[in-house]
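Right, I'll just put the structure down here and ask away after.
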């Protein structure tokens, strides 16, 4: 098992004929993801990726013709809101928006509409999802993770890769890696992902990678304390970031008093989470917890 | 029993300090309706109707202070959309909008929002509700109906009174009378009301009064045919109306081909509904069905 | 409120929908000078608020300014379905390659706006809808989100519009939806939306109906009302918030509530008579409204009897009675009048009328019988 | 993007929010002539994009045009929190009876706009929120419906605003929400919103922050960016779509992804060093972006070593390597540089760099150690 994506995922790629869309679609295909459709208005009828993937003009047509149940978006920021709504209306259950730079007011409207319909969104401004050995939706390099029992959820993109890389180096496999993205308004929160990992039979521990800004990590700490039985290892980026300075993501603005790394770390530690000092230490902590768990089992 | 309103209804009256609001609030109070609050922005703190009803500035305050669970609106058309949204946000479960002349695009937005929240609306442009002997919400004259087993649902206002009057004259009592209003976009449809009457233990037969325009009656016919066990007597106003002429209600525009009285009557008769030729005949048909039912019981 | 073609197209143009160059003219001379400005062939189109102008000869092509003068002279002398033509629109003639239908209206059943498109525009859309429903594409719009670009694209794909026209079609569809929103319309349609020889899209004809209930917040649209196009009695009625439609019979009706008014007409017919009008005095009608309503009814010379049917809800019977008595001070009652007042404050209302010797009925059927008899007596006398 | 007070207030005025009469001045002489126009007492306010102007002496009252000249001269010579004052706003002085706070921003947790009001405006709203949270009223807005009149009224009632000011407050709140919507703001606030001696409401100070991601559709706002207020390196970075913030240390960082960039800074600190900057080259960064980033880092004279940390996702390692090599053709590498490339096409990227004798590391900790050592050697040398 895994969460969100697996071998049954039938993927549609929005913006497949663009440079990034095409590059990552070929990477996903190579990884083994079932890409059933591409979507680029005006290019319907073409076949791409060595004639393996048909392109459609509209998401509705793509879903009707191929039974796609998941959409991944490589579209310009100004088209992202429209593409998310289009995918939801076409009936896919899961939308993964890689696009960064989506206006935040667009996201509030999109979330409101998607919530009404019960469509799950991951992102925007995220690296997507990876269930090692089964399915990759997004841009996480496939070769840096192997299958296993560690669930990974992260607000960051490349920092996540660091962690996957270190886990693999220690022989630790991953159930699913969920990049939720760093934008202030997004689809899937830490709590959403933790809840899914808690319920997932394959996942036996979770790594959670947060950042300064917002209070999603604090809510996650509350959830972990109240509801999680599985061990969680955490990391918060931005301990040395000067308060109030904007750090690339809108999500990284330190909002008056709350949102500081120190508060998030305190909240997580209060919930029993082992918080790593630097990214390389995460894998070490996961391995340690694993050893302890095994020791407990042995006794 | 009855539907929508009864002795437990705790009513808030929007626009209670206006001329119509005050007149009908006093009529409702006299009838025995529990009016727990009035609502007029800027008049909070006053007491009206011989000091029996406190007035609040906002619906939220009124609901918090009095536990109102139903709102009736006597507000100007341009304030109606706002008042419906306000009542819904304040948490009442049932809103009855008497106001006529509400812009139709406002109603589409309001319905969309109310549906998200699960708030029931009756109206706008309707006479409201009457559960004889228990509660009156709106402007239906109380003295023209007595308690009994006939459920009445109608798109019309005054035509409904005709029917109630005739039913009473024949000694036939009413469980609840629901004026759904004649506007093209409204809250409660014929099907909604029929469904509630079908499930209501007190109601043993139903009178349904339609009009030309739209296709709500046709959908009701389908529902009656598929789901109703109780006898239904119908009437459709506008047999002699020239097609395409606007008849006061936006709801009475005959929309290209469908919406004609003849089609509605045919649909209802096809569903086993006895359709009266003129309003006075409705009560007669109800009485007749009642006699037949009693004869069936006797045999 | 219906808008003229030229008004609708102006509103479309405000949303960047391409329309033909052209202007409206009140006289043939004006039409000629517009044709001179436009150069080349022009179309002269009667501006009346009824359908079927084309079949009636109200839309004609002119090859020169002189011909435009001649045709405009003829059209401005026409009546179409009883309405005199007072204005013509003079538009540059278009080179038409294909005709599309595009419209947006309220879907009562779905409780949201619906956009409708068909590759077979130009003819009666209802006819296509009836005979070949698969050729009509329908798309519902979330009233809180509006028409999104992808939806307009879905529509273009649904009617199999050639892809080179998608961009233009999407912009026009979104513009049309905006016009519908901004004008509180109940209908906004372009028929035909043409593909020209130059490969562009052009709104050749336009129609809008505006929600009367929303005119309070659309003052510029309220000013567009064409008083010329309304019967004087209907304009007068509207001034007092009354809803009046002239019909062919001889029994004037004054009723509160549209449903009861229609039922009253039905019952008059069942009693062997014919209603002279539909008149709904509405809810909460005061004495002044009732007085105005009576004046309007009595100003119709074919009226031989009046049936006043009021069941008191918002409108109280005593107010109605006072309105009648007030109106009778100004308007001598030239025909018999049967009144029926039931409901709120009914005794007081009946008492007031009885004091002035006005006959009253209790049931609707009785009232209709009395009115029909009174009208016949009038004819006999 | 932060807007100046005078810009924010202009945008508020477009939504019919009452603001004091006044104008912005670039020179003291201009300030004097504005004071002459306005007559009476004026307030001279430094226009800089930082808080705490008042405490720093950047907001002062002038009783005459001469005094305005003198004060403007002083303020225009000031630096506030390191930023030189280049403009002053000269506003009519108001007769203040009470100060309210009113603002709208995005609530991340609720995923919708939140409107915040307090009867205790004028002071730091965060302070009130911390010490007396009950004095802050919060109201969430449905992003599809917008701020409705009843909600603004609820807010007025929540802060116990005297009823005679409700109408004005409701209009201002709805105007502020419109400004927030129309400008794609992430923050729009009026602090203080004052009740004047004449009993009117007036937006005495205003602040807006606009979503940079939405500037593509707000061209008029994009023009409002004050380039004077940004460090040259930050402006330069933005041109290339880079996110750059100057810091105090000596190790220049170039990283892809904000999270990894922050983690890299954290690890540098853990290794005993200090980062000279935050620099996120973003996703999909091509060679030109990387080259520009390197130029920006090397233009900082306190940089003694560079740590380039790229984990390839959207940005492919070979592209990054080519960017570095290209930049090195223009910019001689004046300090040691440690690179770390992992991820998509990593071998190709490393191969390209190794061919030019650039040192590479595999783990982040190792890279940080090497960079810190290199910076120290640089100091020792």
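Chains: A, B, C and D, in written order; residue numbering restarts at 1 for each.
The rule is short, and it goes like this: contacts are C-beta pairs under 8 Å (C-beta built on N, C-alpha and C of every residue); 3 or more make two chains touch, one makes a residue touch a chain.
Here the structure is a predicted model, which is why all the values come from computation and not from measurement.
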Neighbouring chains common to chain A and chain D, by label: C
Which of B-C and A-C has more C-beta pairs touching across its chains: B-C
Approximate Å spacing (C-alpha centroids) for the pair chain B, chain D: 55
Chain B and chain C: spacing of chain centres that average the CA atoms, whole Å: 28
Two or more partner chains touched - positions in chain C: 142, 144-145
Contacts with two or more other chains, residues of chain B listed in rising order: 109, 113
Chain-level touch network, classified as line, ring, star, complete or other: other
All touching chain pairs, where touch follows the definition stated at the start: A-C, A-D, B-C, B-D, C-D
Touching residues (chain side chain C, partner chain A) in the complex: 142, 145, 148-151, 153-154, 157, 163, 166
Residues on chain D engaged by chain C in the complex (per definition of touch): 144-145
Chain C contact footprint on chain A (complex, rising order): 41-42, 44, 57-61, 79, 82-83, 85-86, 89, 109, 113
Parts of chain C lying in touch with chain B, wherever the complex brings them together: 106, 108-109, 111-113, 126, 129-130, 142-144, 181, 184, 186, 211-214, 216-217, 243, 245, 247, 255-263, 265-270, 275, 278, 280, 282-284, 310-314, 342-344, 363-365
Sites on chain B touched by chain C in the complex: 20, 24, 27, 77-78, 98, 100-109, 111-113, 127, 139-141, 144, 154-162, 165-166, 182, 184-185, 209, 211-212, 214-216, 219, 235, 237-242, 245-252, 256-257, 277-280
